[in-house]
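Each structure below appears as structure tokens.
Two complexes come next, and they have one chain in common, chain A, joined by chain B in the first and chain C in the second.
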Partner chain A sequence: MMSALKRPLKRLLAIRGIGQVLTVTVGLILLCIVFGIMNPIFFSSRNVANLLRQIAPILLIGIGQSYVLITGNIDLSIGSVVGMSTMISATLMTKGVSPLFAVLITIICCLALGLSNGLLVSFAKLPPFIATLGTMTIARGIAQIANNNYNTDSIGESAQSFRDFFYYGKTLGLYNTIWIAILLWIVFNFLLTRTKSGRHIYAIGSNAEAARLSGVNIVGTTTKAYLVSAFVSCVVGLITTATSGMGTMDAGNSYELYAVAASVIGGVSTLGGQGLLFGTVIGASIWGVLQNGLQFAGAPVAIRNIVIGIIVVVSVLLDVIVRSGKMTKKKPV
Partner chain B sequence: MTHARLITRSCTAMEGPYIVEMEHISKTFPGVKALDDVRFRLRSGEVMALLGENGAGKSTLVKILSGVYTRDSGSIKLFGQEIQGDLKPHQAQQLGISIIHQELNMCSHLTVEQNIFLGHEQAPLSLLDNRSMRKKAKHVLDSLHMDIDPDTVVGDLPVSKQQMVEIAKALQAQAKILIMDEPTSALTSVEINQLFTLIKELREKGCGIIYISHRLEELQHIVDTVTIMRDGKFILETPFRDLSMNRIIANMVGREIKEKFPRVITPRGKKVLEVRNLKAGNLVRDISLDVYAGEILGLAGLMGAGRTETTRAIFGIDAKEEGSIVVDGKLLSIKCPEDAIREGLVLAPEDRKKDGLCTKLSIRENIALPNLDQLCNRLGIVNRKKELAMVDKVVQDLKVKLASPEVNASSLSGGNQQKVVVGKWLARNSRVVIFDEPTRGIDVASKVEIYQLMNQLKQEGIAVMFVSSEMPEILGIADRIVVMCDGRITGSLLQEEATQEKILEMATRFENKLATQIG
Partner chain C sequence: MKKLSVLLLVLLLAGAMFAQGTKESSAFKVYLITMDQMDQHWVNVDKGAQKAAQELGGIEYKWLAPDVKDDAKQIESINNAVAGGADAILLAANGPNAVTAALKEATEAGVTIVYVDSAANFPAVQTLATDNTAAGTTAGKEMLKALTDKGIKNGKIGVISVNSATASTVARETGFRKAFEGTAFTILETQYCDGDAARSKDMSANFITQGVVGLFGANEGSTVGVGNAIAEAGKNIIGVGFDKSDMILSLIKSGHLLATMAQNPDVMGYEGVKTAYKALKGETVSPDYFDTGVSVLTKATL
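Take a look at the complex of A and B:
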């Protein structure tokens, strides 16, 4: 009985990076307690619902960035894909295209960008930083020409179902946005931990050459990670359109960095091979709680940025310190 | 080495059908003809030693066979089937070709089980069947008499265990043709014994095994046939028993090597390095040793005895808890490698690619890197003339074979890389030179050159210390041998009195930990 319980626990603790996930989880709980004490409204059901709705998009792009980071690459185009998704979907709907059709076209466009990211990095072997810097600029350009360099008008009455589906509606007492994030998290966590492709994503991030020599398809696997990233960015773009009821050209600005922050706070290694999507949830939550809590505390945006920047650096620094201590002890022969 | 004597050799291999027939294989890399009209054949149930110096083309050949490289010309027949066009890695795998690489090629973040099944996961409908894979991984590890939990993360295992995991991976893949590139370089003698038993079992099952090793002594225990290559060309293929060791070496080198271990006698000078009560972690517990001018001190011991850790602590890589280091009577405070280098104490580390070289930089840049203080003027501008002169001198003194000092360090063969690692220290006036496994994975001729280099340093009155796991080398080159076990010094021998048995006895003098705990 003991051993039956011990084994999964041991296996859990053996997972690389679990340490940081547990540490930041404690950090998240402490943050919530502090903000709760400072302002009781923090825990009101209205604020919690709002908070979760703030966290959802950050979690979604965090999932995408985590996928890419675990392969040992980076996706800088996330924010621009969000903008592109917003502008394409909004423009189509203002032109009278049915919401369902508009969503499909938007998804296809975003996946095409993800595909080119993946192929540029894995097939053409461009450094991911450069490749996605290029596509980031291109995607932002597409967002700008989608409606002739103007933000769109309101997407109108006919798109109410669209706005409800992505933002305003509730299912079982929870906002749909939150449901979308939860469901996609479950799907992508399952794919990452339980499937062959998921295993390969970790493998190529850990040692691409070893993976290739073991018969892992590097091009296919890397491209899948970039497709996931583009897809979740697309969904966040659609949520943004639903939220504001129009398309703005600078939507999603610097989201790619927020996504890196959420991943990294949650213990995903920027060097690849290591990371848990559960950590990304915690990372995105810390992000959201800080934004929300500091806002309640009356801190201006500038202060919020400084605090979050410090949290990113400190959380990674802690991990580096903990791991370097472990490494020197276990230094192999 | 007595450990593998138990294994008897069978002669069934000579009759098996050919499973590999490679004819007229050529491969050119930019500027180098790596393979030139090479023939290679392997029968089922045969253990074939593929021999040659570094740079002879062995690795290139097996990489073509396993699909890592594509051939420029020539034909490949596997199991009697002509391979049309390029052979891809996964195609080679499907045909049952597995390769165990010299440089460990594992995903260090993944677990043992995940590594064993990497690339051929059991995943019906793409869903991983972890339970079944864990069970099978356990089974394979058991068959290797390995007590490793399949859930252990590979990066947490010592190198020798990682090597065994790699072997387990090849077994799990049901290899019919198993290529082993220096499989024993990281193993302990017990593990080598297990490996040889295993090779014998595989041979009985009809596997063909290609065995690449620089440790020629090993071959007699397992090898049926020998293929020798030199400078990218096929030299000969013959049953092993028809060849003497000297003829093998002569064929590999293309000339006779007179002395495997050239020894120079120089009078012992004054004490240069004095280490007292050095403590740094579990593997460096109270180390005291002296090295004199004009002598070579060999540091012997088993894997994990703490020899590498001792050199790291002396050189200032790992933090010292206690202890003093004195060079030429001057007490030094060495907190980092920079301090050590300034005081004339240098280290040529074990892992060339990881610790010894910046592989993406040129030979010139690598040699100049630790000597920039001498090459720069007061403004920090590098004097190109001086730099090139220094590089030319090192390259000539050490007979480094290279196309140009501007090529990447990674493009050199192992032996030549090692010469660069050593050479960059020779450009400055060092007092103590420490080598960690200086000849690991390099060929016979280069080894002799490294020994000659150590002798030269010794003659110049420099204190030389080296760590080695190869007994014949320690016995052949060191003037004095210090043996370590479990982080302590367990004995010291003069060259005249040292034997393999004495060293081994000292290297296994483990403390009775239980007794010390109670007492």
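Take a look at the complex of A and C:
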């Protein structure tokens, strides 16, 4: 029986980057057990449903940040795009625009910002930290002027279908938000693992110069990654509008960092070229479980921040140690 | 050519000094410095201040604020105001001790300080604010009354606030907890949402899962989240909050929030400018503390 399992198991373990993913999966399970013991309400069906819905937005922005990190860059504008998205969509809806049109216009605006990010980094060759820092500020500014420096009014009764679609509604027993996250993950994971563009994304992150010499379109591929990031941030902004029923100018504050945390915990390397989108699922889940479980455990906020910070640092450390270990390991002759 | 340019330079300098001189004697420069530019609360303080400046005349008024709440940025704003020749500063301090060094320099430069909304640990002419502790207690009492009217004498209560540092929201929470002293209710560990309505909603939903009978939001964003969570849960939970906005009012009308404590930021700005004017004219100002109060908004009062 063991020999029958050995081959697929070996294939699983040979996937680049699977080590950390397996480690954090075990970590996630342990975390859930600990929180469940501390307060059994954690496992109640009500909380599980809420928890999954709380994880969904983190997973979405995690997908975007993972795409960008794998190319060897970073996207600091994610949180501001979430804010921009919620303000534009909410402002339009309060002014009587139909939810469908509001969503379309919002997506176009956010993709425009994603395009700018991609071109600034790959075409103008600005360091990604600086470029996305700039667009982060611009996007936050747009979020502020969208409704003339006010938070918006309520998007009203007519937007109830919008609110149900993105947040309050359930399909087949799961909240729509969860379905949105699952479906988008399936799409973006497919694009990343089974298409040429996806392989190019890994290639640029591994060795940009080699990729370029092999004929990979650096500008096109980098821009695609930033467009993905902007798109998922836009979706999270729409989910936020649906949650609150209004647009707040400081929505999404610091989300880019949560996205980095989810990616990094899940094994995506900050050095580029490595990472599995499934890891991002685990990373986002750990983040969500911590936020949720620590509230049930009655932990003060300071403890929560310290715990999360330590986990992020340890994850990055693991990645760096493993990577440097692999490079010095000598192959048997 | 050289003589001409020297002459021009001297004329320019003289003109500048002369212009400065006429400006100084005609109007008092009053700056409003708030925590950020985004919250509708500060926009209303500014509106009230503008109104007073227009009514009184002889005041050159300006609103300065960082884009986000940040101590270093607020210190910079204060320094900019002093450098810009401010005669008086109306300040909503980020925290009790965060900006005192900048205030010390300002007073040494002869600037009059008036606190609006949040005071700092530094002497000033007057503080115009909501007595946040008292307002928090009022909110607590409203919730307590509603619970006892329903025959509920004990249970858990959840609090969503902004963060652990902002004096105003901390005071509201303290006041709220005071109202429940000696009762059989337990108030759980406060959750902080940074004023983000969506995060507040998640935290409120978690509280509801824990079986709370009441929820308190300490500012606008927190309150919106509380109301949305109660609406979704469909349970008969008493929600009380702070601040006034279109969304909060609609949640009260639909019955998902019991009441909100509406502050009077426009009064803070209006009376604050009037106080600054009095002080600059050399008149005595009293009292030291001007409670601009809260109105309790419920379905009945709307």
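To be clear about the criterion, the second predicted complex is superposed on the first by the 310 of 333 C-alpha atoms of A that agree within 3 Å, B and C clash if a C-alpha of one lies under 4 Å from a C-alpha of the other, contacts with A are read in each partner's own complex, and residues count from 1 in each chain.
The rule is short, and it goes like this: a residue touches a chain if its C-beta (ideal position, glycine included) is under 8 Å from a C-beta of that chain, and two chains touch if they have at least 3 such contacts.
Every value quoted in this text rests on a predicted model; they were computed, and no experiment measured them.
Of the two partner chains placed by superposition, only chain C is touched by A:292; chain B is not.
Legend: residue contacts after superposition of the two complexes on their common chain; A:240 is shown touching chain C, with no touch to chain B. By the touch criterion defined above, A:140 lies against chain C but remains apart from chain B after alignment on the C-alpha atoms of chain A.
Look at A:151: by the touch rule set out above, it reaches chain C but stays clear of chain B. Residue contacts after overlaying the shared chain place A:251 against chain C, while chain B stays out of touching range. By the touch criterion defined above, A:25 reaches neither chain B nor chain C.
Residue overlap on chain A between the chain B contacts of one complex and the chain C contacts of the other is empty.
By the touch criterion stated above, chain A contacts chain C in their complex at residues 41, 44, 46-47, 50, 54, 140-141, 144, 149-154, 168, 239-240, 243-246, 248-251, 253, 291-292, 295-296, 298-302. For chain A in complex with chain B, the touching residues are 10-11, 14, 16, 194-199, 202-203, 205-207, 209-217, 273-274, 328-333.
The touching residues of chain C, when paired with chain A in their complex, are 37-40, 43, 67-68, 163-164, 188-192, 194-198, 201-203, 205-207, 209-211, 220-221, 224-225, 228, 232, 245-247, 250. Interface residues of chain B, counted against chain A in their complex, comprise 66, 68, 89-90, 93, 99, 101, 105-111, 114, 118-121, 123, 126-128, 151-153, 155-160, 169, 281-282, 303-304, 308-309, 312, 318-319.
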